[in-house]
Amino acid sequence: MSHGANHMTQSEPNRRSEPLIKVKGIVKNFGAFTAVDNVDLEIYRGELFSILGASGCGKTTLLRILAGLESPSSGTVFVDGIDITNLPPYERPVNMMFQSYALFPHMTVAHNVAYGLKRDGVAKPELWKRVDEILDMVELSDLSKRKPHQLSGGQRQRVALARALVKQPKVLLLDEPLAALDKRLREQTQFELMRIQEQVGVTFVVVTHDQGEAMTLSDRIAVMDCGRFVQIGSPSRLYEFPKNRFIASFIGSVNMLAGQVVRCDGTLCTIYIPSHDSHFEVEHGEYLDKGAAIWLAVRPEKIRISQTSPTSDMPNQILGIVDDIAYTGNMSTYRVRTEAGDVLEVTHPNQSRAKDSQLVADWGDTAHLCWAPSDAVLFSE
Amino acid sequence: MRRSMYSYPLAKGWVQKISTSWRNVMIAIPFFWLLVFFLAPFLIVLKISFAESLIASPPFSSLLEILDDGTLIMRLAYENYSYLWEDPLYVRTYLNSIRISTISTILCLLIGYPMAYAIVRSPSTTRFVLLMLIILPFWSSFLLRVYAWMGLLADQGTINNILIWLGLIDRPLRLMYSELAVHIGIVYSYLPFMILPLYANMEKLDDSLIEASADLGARPIMTFLTVTLPLTVPGMVAGSLLVFIPATGEFVIPDLLGGGNVLMIGRVLYNEFNANHDWPVASAVAIMLLLVLVIPMMIYQHSQSKQAGN
Amino acid sequence: MRGKRSLFLLSALSFGFAFLYVPMAVLIFYSFNYSKLVPVWGGFSTRWYRVLFESEEMWAALTLSLKIATVNATVATLLGALAGLTLSRAGHFKGRTLFAGMVSAPLVMPEVITGLSLLLLFITLSNLIGWPSERGMTTITIAHITFSLAYVAVIVQSRLAGVSQDLEEAAQDLGGKPFRVLIDITLPLLMPALAAGWLLAFTLSLDDLVIASFVSGPGSNTLPILIYSRIRLGLRPDINALATMIILVVSIGVFVAGWLLLRQQRLRDQEAQLATADSNGK
């Protein structure tokens, strides 16, 4: 069903070697409900991999299957070539950072971190040396004697991270690692996580519902919906070449228009949009049958907005009236009501501080919109 | 602008904002009731415990006496307390009560802990039904639950009948009127008081802590010992005290199942009062019982208010 | 992990419930025994139920107990609600510590002490002011109210602790005078707690032997006092019949209450599910 401009492959060519994690045909049923529906996945050594999806899409269940906290109804999980499907969590070379952090309330920070090493029977001097090192890395050495309830949210998050990392797992699983933090801290912590991941070189698998977070953090993202992967790829690939309407609207915002193919000349297709009674041109990688029903998608920042009419040889022009402006500092989002009655979103950077030139158009102004044929995408459904 | 009409610190309760007289009435009614019917009676017991026993009505001396020359004297008789101390019967009875209720409490804990744990681990509908089944005996008659064991433990009771019928014994075992019977009675009657606080504690226990422990490499037994057990200490303390405190002063169970063979303080107090009519000694026995229980009672109150604070 | 129960836990659970319920089952079984000797099976019969129903003494004791329990539950709920309400919502007042102590102390006070002290109070009062002239229903009711109100107060307090003061403050912000807020917001929120408190006070009173036997007078036998005076002398089949009736009534009550609660909870879950489905709807 892919009509992206490039032929998409499921995973991109960063295969440095054999995959570290190999998930084959995993199914998980809870009674009549299928949480994970026949999923295959390969994750490579040293990757920061995100599983992105709305709540209830099955992403946490998949993570818990990797951790061994849930056993799959069918399918296998390999880590480093070894089948771990039937290993209990306490025998897996995998550790997890829980969404709630799950810090033991009756133990100090140091004892929380030391817990996993003690279970592995690491000898005392070695054990405390490693605890000290990891606490140093997450900058918590001063607080090692505190109990979890004496820590701030950000500090707890770092204890949870240290506790999971100190065991030097092959894979670190992170369940919504930043969800419990407030916005500012979340942004700082994103970069902190990336720094630590680079430093320790452990493969991270992050589950998140926040597409911004996934985009910032990840080498690759798998978007999940209804227990299946919809698309797997790098952040830029998912954004610029979404596989279908779901991905396009799930990652970033997008304007979507329904239409039909009028003709296709090589890579350039002409689309008729009935609601606007006009034709649009789109660079598309594949040939499309004439008359095929199609969705035309264009991102808000790809649309140029101005109060003066663009030269008439520019394709893809729409005239409208500015309905609403949302000023967000670095840019403004214009909601433009077209003559056809639908509303298109357009973003424009606020490049100048001068008060008058800040806005390219004001409320109620007429606005001319246009975009290049290569900036729109077509979806068949 | 409503705020300006009520300018009071927000952290305080709203009942304060009801006009002072109404608020005082609301406090005064239960306050007065408890002063008259709880605190005053207790002070009277304290007073009588220092009086002398008389054959009269009321059968005790007055502490305050106005002599012929008009001077007021106060006579405190410590004899009742020294009597308790000197008579080995009382000392033994106190120690016996504490020993019996301690053993029963431990038995309750041993039986109740796995039950509470199993209930918490059950699917939610089953859990609800099981909880109802735990609470149900509590709503039925305490006295009749003890009576049920009389029927089981009697010389011609069900247990002996079955054992004889099976050919395991020739003549009935002496089950009734023994310390064993009292332990069974206490455990049977107070088991729900152990299970419910334990359940409440375990239910609040975050599942992800157990999972985190497994994830960090702990086998189930280790997880239980290092995570579950320490975190359910508050429930164990609350449950144990809820069994220990009433069991120590228990009257019905030792009377019906223990007979004359098992000395417990509640029964001695009852007999001292109703059979011997020695009110001062009975009062002194009550005060001593309270002194024995005051530490566990304070621990319980403290643990409850600490839990409420969290 | 929830839902996984080891063999050990399952057997502990089975043993525990067998321990709780087998004695009751045996008790019920022998209530249908023809023989006068409880543990000797003499064939099926309901004659002890007839004996029970024809016993005027039993009816008188039951009536007295029900009267005391009803008055006790009602007054204790009122007083307990006031105590719980003021303790959790009235901020600080003079004597609060003493008040809080007196409210919670009866919960852990051994019954023999409560009974003895109340009896001594009644005797002292009757010597001083001539009231109560005789001990009986009134004194038992007062004694029961005193310890029942503590239970109600605790239930009310814990219910109020779970209800955010935001609701009451929102009502005030919208213009509700404090007394209206009490009627419109706090009381409806307290209704489940008050109902539970009333029921608990009612059962506690019906169940109490020790305190009642201290403060009762001649001729005022409550049901537990009557049962006790009979079973002290040994096993009696009519008491088995009585126990069966009590267990039956309580079981019906608990099952109806449980069923209602469960249904309510399911309904709420369903509605919540529908609501989320709606908001997720395309």
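Each chain carries a letter (A, B and C) given by its place in the written order, and its residues are counted from 1.
Operating definition for what follows: a contact is a pair of C-beta atoms (placed from the backbone, for glycine too) under 8 Å apart; a residue touches a chain by one contact, two chains touch by 3 or more.
Worth saying up front: this structure is predicted, and the values here are computed from it rather than measured.
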Statement: Min route length, chain touch network, subunit B to subunit C, equals 1
Message: Going by average Cα coordinates, which chain is farthest removed from subunit C?
response: A
Query: Which integer distance in Å separates the CA centroid of subunit B from that of subunit C?
result: 16
Query: Counting in whole Å, what is the centre-to-centre distance of subunit A and subunit C, each centre being its mean C-alpha position?
result: 56
Task: Pull out every residue in subunit A that's touching 2 or more other chains.
output: 69
Query: subunit B: which residues touch two or more other chains?
result: 211, 214
- line: Contacts with two or more other chains occur in subunit C at residues 1
Message: If we count contacts the way the header does, which residues on subunit B are in touch with subunit C in the complex?
response: 2-3, 6, 10, 12-18, 22-23, 26-27, 29-31, 33-42, 44-45, 48, 58, 111-112, 114-115, 117-119, 121-123, 125, 128-130, 132-137, 139-145, 147-152, 154, 156-158, 161, 188, 191, 207, 210-211, 214, 241, 245-246, 248-252, 255-256, 266, 269-270, 273, 279, 282-283, 286, 289-290, 293, 297, 300-301, 304, 308
Query: Within the complex, which stretch of subunit C touches subunit B?
result: 1-5, 8-10, 12-13, 15-17, 19-21, 23-24, 26-27, 30, 37-40, 79-80, 82-83, 85-86, 88-93, 95, 99, 102-106, 108, 110-113, 116-118, 120-121, 123-124, 127, 142-143, 145-146, 149, 153, 158, 161, 165, 168-169, 172-175, 178-179, 181-182, 203, 206-207, 209-210, 214, 224, 227-228, 231-232, 235, 239-240, 242-243, 246-247, 250-251, 253-255, 258, 261-262, 265
For the subunit A and subunit B complex, residues of the former touching the latter: 67-69, 88-91, 94-96, 98-100, 102-106, 115-116, 119-120, 163-164, 167
Field: Partner subunit A, residues of subunit B touching it in the complex
entry: 206, 208-209, 211-219, 222, 226-227, 230-231
